[in-house]
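Structures incoming, each one as C-alpha cells.
In the two complexes that follow, chain A is the common piece, with chain B as its partner first and chain C second.
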Partner chain A sequence: MTFGSTGYDIAHLLGGGILLLSFVLLYQRRLDAVINAFAVQGGLLAAAAAWQAHLQSEPGLYVTALLAFGAKALLIPLALRLLLRRLGLHRTVETALGIGPSLLAAAALVGLAVMVVLPVTAGQAQALTRENLALALSVVLLGMLMMIARRNAISQVIGLLSLENGLVLAAIGVQGMPLVVELSTAALVLMLALVAGIVVFLLRDRMATLDTGLLDRQRGEGPP
Partner chain B sequence: MAQPPAAPFCRPARASILGGSDPLRSPAVLTALILTLAGLGLLALLAVPMARAPRVWIGDSAGPWAGLVVHGGCLLAAAVMAGCGLAVLGGAAVAPQPLPIGVTALVAVDALSAWFLVLLGLAAACSALFGLAHARDAAPRLLVAYPLFLAGMLLALIAADGFVLVLGFEAMSIASWVLVAADHQSPEARHAARRYLAFAVFSGICLVPAIGLLAASSGDLSFAAIRTAPPQGFVAAAVLALVVAGAGAKAGLVPLHGWLPLAHPAAPSHVSALMSGAMTKVAIYVLARLLLDLSGPAQPLWWGVPLLVLGAASAVLGALRANLETDTKTLLACSTIENVGLICIGLGLAACFRAADLGVLAGLAAGAALLHALNHALFKSLLFLGLGEVARGAASRQLDRLGGLIHAMPWTAGAVLVGAAAAASLPPLSGFASEWLLIQAMLAAWRVGDLAFQVLGVAVVAAAALAAALAAAAMVRLFGLVFLGRPRTPRAAGAVEGRGAARLALLLPAGLTLLFGLLPGPLLALAEGAVQLLVPHGMVERGSLAMIRVGDGGARIMPLAIALLLAVAGALVWWLVRRRAPAGVARAAAWDCGFMAPPQHLPFGDPVTQPSAAGFGQPLRRMLGGSLLAAHESVTMPAPGDPGPARVESGFADPSERWLLAPLARLRDALAARAEALRDLPLTATLMLPFGTLVALLALAAWLEAG
Partner chain C sequence: MADFFPLPWLIVFLPWAGAVVLALLAPGGRWPPLVNCGVSAASAALALGLLAAPEGVQGWTRVDGVNQPLVALGGIIGLATALFSAATVEAERFDGLRARAYHAAFQIFMGAQFLALLSDNLGVMWVAIEIATLASVLMVAVHGTPAAIEAAWKFFVLCGVGIALALFGTILLYLAAQPLVGHGDPGLSWAALRLVADRCDPGILSLAFVFLMVGYGTKAGLVPLHGWLPDAEAEGPLPISAVLSGLLLNAALVAVLRAKAIVGINPGALEPGPLLLGFGLASLLLASLALWRRRDARRLFAWSSIEHMGLSAIAFGLGAHVAGMLHLMGHSLVKSAVFFGIGAAAQLKGSQKISDIGGLAGSHPALGWGLALGIAGLAGLPPFSLFVSEFRLVTAAAAAQPWLLLPLGLGLLLAGAALVRVMQSLCLGPATPDAPVAGAFARPGGLWWASGPVWALLALSVLLGFALPAWFAALLGDAARLLG
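So, the complex of A and B:
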C-alpha cells in the first residue's frame, strides 16, 4: 500500500490531523480551548484506530478505537472541564516558553523525527508503517515539549495525555502488535493522569495556584 | 609432507603423532578442566553450609573441617590444572569447544594457555597447601571466594572467545576483591579493598571495548575469527592503549600500580601469594594473548614500545620502593611490580623484534618473558607464604618488630633464603636463568635498525640492570632484618614454626625454584609451542639439559656447570673453615657496639642498637628516592632548655598517588558536587533533562544515518 491508494491516504490524513492538533495544543492561550483541542485529537485517534482495524482486519483494534473515543474524546475532557469549573480558574495559560519559540521548536522536532524514522526503516517496512511511525514520534515529542513549555499543571497533564496519544498511534500502525500492549500503555498513562489530577487538587488546596514553578520553593531542602 | 617450515626445533613430527594417535586426549583434557571448574563452583556453593551446619554434628572441629575440604579441593584442582597444562605442552593443542552453558562460549587449550595453566596450577597448589595447614583461621566468606578466584583464573586461561575471557577475568577480579576485603573491620583494609575494586572496574571498562574493537572487523568474538581479521590503523592503536591500560592495571604496570602495595598486605597470606604469583600472570597472559597473538604478527615497530617503556618504569620504581617499605608484604608487593615490569619488557621486546623480522631474538625475548613469569610465580609465592608463616609465628609483618628468626624458624628461613636469592637473581636459582635471558634479549636491541629504538633499548637495559641490582639489595634487607641479628621484640624471640602441610607448602616452591634454576633448557623446550604462538616465525633457543645458547651470538649459559662450580667452591670453603677452626665452639653474647647494657625487660638487647628498616634503606632513599619517590627528611631539634626529644622524620610518596590518584580523586569530588546540583533543579529543568537527552540521541541517530 503506497501513496495514492485510498487506505493509505486516509490513514495518512488522520495521522496528519493528530499531529496538526498537537500544534494546535501548543499555541492555545486559553485552558478551555486546550481541552477542546485535546478532545478533537482523541476523536481523531479513535478514527485512526478504527480505520487501521478496517485495513488490517483486526477486530481488536475496534476495541482500542472505542476505548480511545470514550476516554480521550469524552470522559477526560469532561472531567477536566468539571475541574476547571469547580476550581474557578482564571483560564489563561501561563507559558514558560513563548508561543512563537515553542512553535519553532515543534517544527524542528517534527523534522528531526522524520529524519530519524524514515532512513532507519528504509526498505524494511511498509510505507504506511513508516509514515505512521514518523507521525507518532512527532506527536510524542510535541507532547513532551508541551509539558515543558507550560507552567500550568492542567496543561502539563494534557501534554502527558497527548504524548500517550502518540504512543497509541504508533502501536495501532504496526501490524501484529498485541492488544494487551496498547491497553497496558493506555492504563499506565491514565493512572499517571489520575495521580496528576490529585496533585492538581492538592496544589490548589495548599498553595492556591496551579503554577508548578512555585513548587521549587516548597521542597524543604537546600537554601530557602 | 606439509610441515611448517619456520619451526626448526618444535618437533612437529612428535606433536602430530601424539595429537593424531590419541584422538581422545584433547577432549579428555578439556573435560577434566570443565569438571574442575564445576567442582570449584560446587566448593564455593557448599563452603558456607559446611562451615555453619556441622557445629551441631561434630562439635568444635567444624571450622577446620570446612576449611580442609575447600582447600583440599583447591589443591586437587590445582593438580589437575598443572597436569592438563603439561599434557597439552607435551602433546597437541585442544581445538575450541563450546561450554555447556546455553550461550555461545568457546573454551580451548593451546600451548600459551597450557604454559600459564602449569604456572597457575603450581602457584595454586602451594597456596592451597598453606591454606590447608591453617584451615582453622578461614572465615566462611573467604572459603566461598577462594575457589571462585581459582575458577575465574582458570576460565580466563582456557577461554577461546572474548566473552569467556572477560567473564573469567571479571570473576577473578570480584572474587579476589572479597578476599582483599577479608579483614573488613580495619579501615586500612577497607580502603585497600575500595581502591582494589576501583582498579578492577577500570580494567573491565578498558578490556570490554578492547575486545569489542578486536572483534569488530570480523563480527565474531571467537579468537580464531579475530586472528583472521587483525586490527589496523587507529583501531589498532586504540586496542593497544585499552589493553595496556586494562590488563596493565591488573598486572601492576607503573602508572596503575597503586592497588598492589595496599591490597597484598590486606589479604590473607596464601591469597596474597596467589594474587601476586598467579593473578598478575593471568593479566600478563591477557596482554600476550591480545597484543601478540590476536592482533597478528603484522603490527608496526612501535607496537611493543609502550610495554617496553612502562615495563622499565615499573621495574625501577618497584625495586626502589621495595628497598624503602617497612611492611614485609608491602615490600614483596613492590618486588612484584618490579618483576611484572621485567616480564613486560620481554613481551615488548618480542613484539618489536618480530616487527623488525628478527625471529631468533623475538623468540628469545618471548621465551625469557614466559620463563620469568613461571619462575616469578613460584618464588614470589614462596616468599609470600614464608613471610605469612613469619607473620603467624612472630605475630608481626613489620621489619622493625622481627629479627633473629633463623634460630626459631630454621625451615622457613631456609625456604625464604632460596626465594630471596632467586628474587635477587643469584645463580643457580630460577630467577637468574630467566633474568639472564631477558638481559641478553635487551642487549640485542641494537639489532633493530631504527636509531630511536636503539637509544630506547639502551635506556631500557640500563633501567633493567638498575632494577635487578635494587631488587638484590631489597632481598638482602628483607632477609637480614627478618631472619638475622637478634630479635627486636619478645614475640619475635618466642616465634614457633608451622609443621606438616605448612612446611610442605614452603618446601614445594623452594624445591621447584631450585629445579627450574638448574633446568632452564628443558623448560624453554617445553615453552616452545607457546613461543611459536606469540612469535609465529621466531626460532626458539637451542636449549639442552647442559647449556643454552642465545640467539645466533656467542653468549651461552651452562646452569648445571655453574651449580657444580658453586657447590665445589662452597664445599671447599666449608672444608677450609672446618679445618682452620679451633676445636670446640664457644657461644657468647653478641657485641652491642658499645651501647650501655639493655634494661631488664629486654633480655635480647635493646632494639635500637640494631639497624632499623628505615635506617637500612636510608642510603638508597637519599641517593634515588629524592627524584623518583619525593623522599623527604627533616630534623626537628628542641629549643635550648627544652627537655623534649629531637625528632628525625623521613618518608616518601609514590608518584602515582600525587600525579594520578590525587587528581582523579579531586575530579571525582568535583563531579559529585556538580551532580549534587541536579537535585535542586526546578520542575521545568527536570523535565527538560530527559527531553534534551532524548532529542540529542535522536539527532545523533539522524546524523549517523546521514553520514
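So, the complex of A and C:
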C-alpha cells in the first residue's frame, strides 16, 4: 500500500489529525478547551483504529475503537468537565514553559521523531507502518512535552492521556501485532485509574491548588 | 503430567484468589492478617516448589534460571512481609475499607510481580508490571494523608510515563521481529524473539531497547528516573517498603534484562551493556552522596535501594550476571530485613526521623542488633551476601574495565561510610525515649513478630553468600547463560 491509495491516504489523514490535535492541546490557554481538544483526539483515534480494523481485516481492533471512543471521547472528558465545574476554580492553564516556546519545542520534537524513525525503519517495506510510527512517536513526545510544560495537575494528566493515544496509534498501525486489543485495553485501564485518582483526590481537596510544583513540600526532610 | 501442570499460573492466581477473599472478609478482628499470612505461606511453598520445576516455556509463561531464584525469593519475602504486617497492622489504625484495600492490594501486587517474572510473552509481562504498579499506588496511598497522597500521585504519574514508554518499546520490538515471526502470539514471546534477534532490523531493535530501558528503568528506580522511589517508600504503610524495594524493583530490572538479552544478540544493534552501566553508575554515585543528607530513616533506605539497583545494573552491564543476580537477591533479603527493623523502631519511637531513633541495641537488643547487622550488610560488610556479590562485581570490573574501579570504589566507600554512620546513630549510642504508636506490638509475642523476620532474612542472606548449595549455583549459572 503506498501513497495515493485510499486505504493509505485515510490512515495517514487520521494519524496526521491526531498529531495536529496534540499541537492544539499545547496552545490552549483554557482548561475546558484543552479537554475539548482531547475529546476530539480520542474520537480521531477511535476512527483510526476502526479504519485499521477494516484495512487489516482484524475484527478485534473494532473493540479497541469502540473502547477508545467510549472512554476517551466521552467518559474521560465528561468526568474532567464535571470535576472542573465542581471545583469551580481557575480554569486557565498554568504554564511552566510559555505557549510560543512550547510550540517551537513541539515542532522540533516532531522533526526529531521523523529523523529517528524513518532511517531506522528504512528496511521495512510497509510505508504506512513507518509513517504511522513516526506520527505515533511524535504524539508520544508531545504528550511528554505537555507534562513538562504545564504545571496544572489536570493538564499533566491530559498530557499523559494523549501520550497514551500515541501508543495506541503505534500499536494499531503495526500489522498483526499480537495482543493488541488486550494491551490497548490494559493501557486504557491504567489511564482510567489515573483519571479516577485525580477526580477522587481533587474532590477530597487534598491537592487544593492543583499546582504540582508544590508537590515537593511533603518531603519529610525539614530541619531536624 | 508435568507438562500440563500449570505451576506458574497457580503461583500467580493463588495470591489473586487470596485478594478476592481478603476484599470480601469482614475487616477488624484477627482474621484478615491471619488469612494474609496463610495465603502468603501457601504462595511461598509453591514458589519454592518452582525451584524443582524443569526449565521450559508453557504458553505465555516460562520457567528458567532467571526467574526460578527470584520467584522463590519473592515467595519468602512475601511471607516475611505478611508476618511483619500482622504484627504492625493494628498500629497503622486502618478503618474497615482501608484495611480491606490494603490486604487485597498486597496480594494483587504479589501475584502481579510473580507474573512479571514468570511471563515469556513480553506483552503479558508489561500488563503484569502495570497491575503491580496500580496495586502499589493503592498501597502507598492507603493512609490518605496529604503526604501519602502526594507520594502516590508522584509515583503514579512518573511510573505511568515509564510504563507507557515501555509499551512503546514492546511494540517496536514486535515491529522489528514481524517479518521473521509473522502474526500472532509468538511475535512477543521472549524465546521466539531470541531465536530471530540476530536477523532483525538492528535500527528498530536499538530504538526499542532505548524505550524499554528508560521505561522499565523508571520502575527499577535507576537515576535519573528515580524521583518517585524515596517518597513512595517513606509514606506508605510500613510493610510496603519491603516489597516495593525487595520485589518491584527486581521485577522491573528483570524486564530490562530480558530486553537486553534480545537486543544484545544482534551484532548490528546498539550495545545494551554500556547503557545499563551508565545508568548504574549514575545511580550509585548520586545515591552514595544523597545518603549523607537524609533525615528520614525510611527515605534513607530507599536511597540505599537506588544505590544497590545501580550496583546490580553495573554488574549486568559488565556481563557479570552471576554477581548481578546474587546482588539483586542479597539486596532484597537484607533490605527487607532493614525495613522491618526500621519500621518496628518507627512504631516504638513514634517517629521515623533518624534523630528520634537512637540506641536501639541497648533498649531492644533483638531488634537493635538485627537492624545494626542488616545496615552493616547493606554497607557491604561480611558475612552477608552483598559482600560476596560486591566483591565479585569489583573483580569483574577490574578485569573488564579497570578505570571503573575508581567511580565504583568511591561510590561503595561513600555509601558504606554513610550507612555505618547511620547505623551507629540508630542502634548504638544513647537511647532516645520510647513513644509507641497506640496499639504497637500489643499482641502476645510483641516485638518478636518484627524481629523474627529480620533475623530469618539475615540468616538467609548469610547462606546465600557463603553456603550456596551447588544446585542453586548451577541455577544462577543458567541465568547467566540466558542473559548473556
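Following the convention adopted for this analysis, the second predicted complex is superposed on the first by the 195 of 224 C-alpha atoms of A that agree within 3 Å, B and C clash if a C-alpha of one lies under 4 Å from a C-alpha of the other, contacts with A are read in each partner's own complex, and residues count from 1 in each chain.
Here is the rule we use: a contact is a pair of C-beta atoms (placed from the backbone, for glycine too) under 8 Å apart; a residue touches a chain by one contact, two chains touch by 3 or more.
Bear in mind that the values here come from a model prediction, so they are computed numbers and not experimental data.
Of the two partner chains, chain C is the only one that A:163 touches; chain B does not reach it.
Applying the stated contact rule after C-alpha superposition, one finds that A:144 touches each of chain B and chain C.
Among chain B and chain C, the chain that touches a larger number of residues in chain A is C. Contacts of A:10 after superposition: neither chain B nor chain C is touched. By the touch criterion stated above, A:113 is placed in contact with chain B alone, chain C being left untouched.
Of the two partner chains placed around the shared chain by superposition, chain C is the only one that A:179 touches, whereas chain B remains out of contact. When the shared chain is aligned, chain B comes close enough to touch A:96, but chain C does not.
Of the two partner chains placed by the overlay, neither chain B nor chain C lies in contact with A:87.
Of the two partner chains placed around the shared chain by superposition, chain C is the only one that A:201 touches, whereas chain B remains out of contact.
Overlap of the chain B and chain C interfaces on chain A comprises residues 116, 119-120, 144, 147, 212, 215, 221-222. Interface of chain B with chain A (complex): residues 679-680, 682-684, 687-688, 691, 694-695, 698-699, 701-702, 705-706. Of all residues in chain A, only 96, 109, 112-113, 115-116, 119-120, 141, 144-145, 147-148, 151, 212-213, 215-216, 221-222 touch chain B in the complex they form. Chain A makes touch with chain C in their complex at residues 116-117, 119-124, 129, 133, 136-137, 140, 144, 147, 153, 156-157, 160, 163-164, 166-167, 170-171, 174-179, 182-183, 186-187, 189-190, 193-194, 197, 201, 204, 206-207, 212, 215, 218-222, 224.
Of all residues in chain C, only 121, 123-124, 126-127, 130, 133-134, 137, 144, 146-147, 149-154, 156-157, 160-161, 163-165, 167-168, 170-172, 174-175, 178-179, 182-188, 201, 203-204, 206-207, 231, 234-235, 294-296, 299, 352-353, 355 touch chain A in the complex they form.
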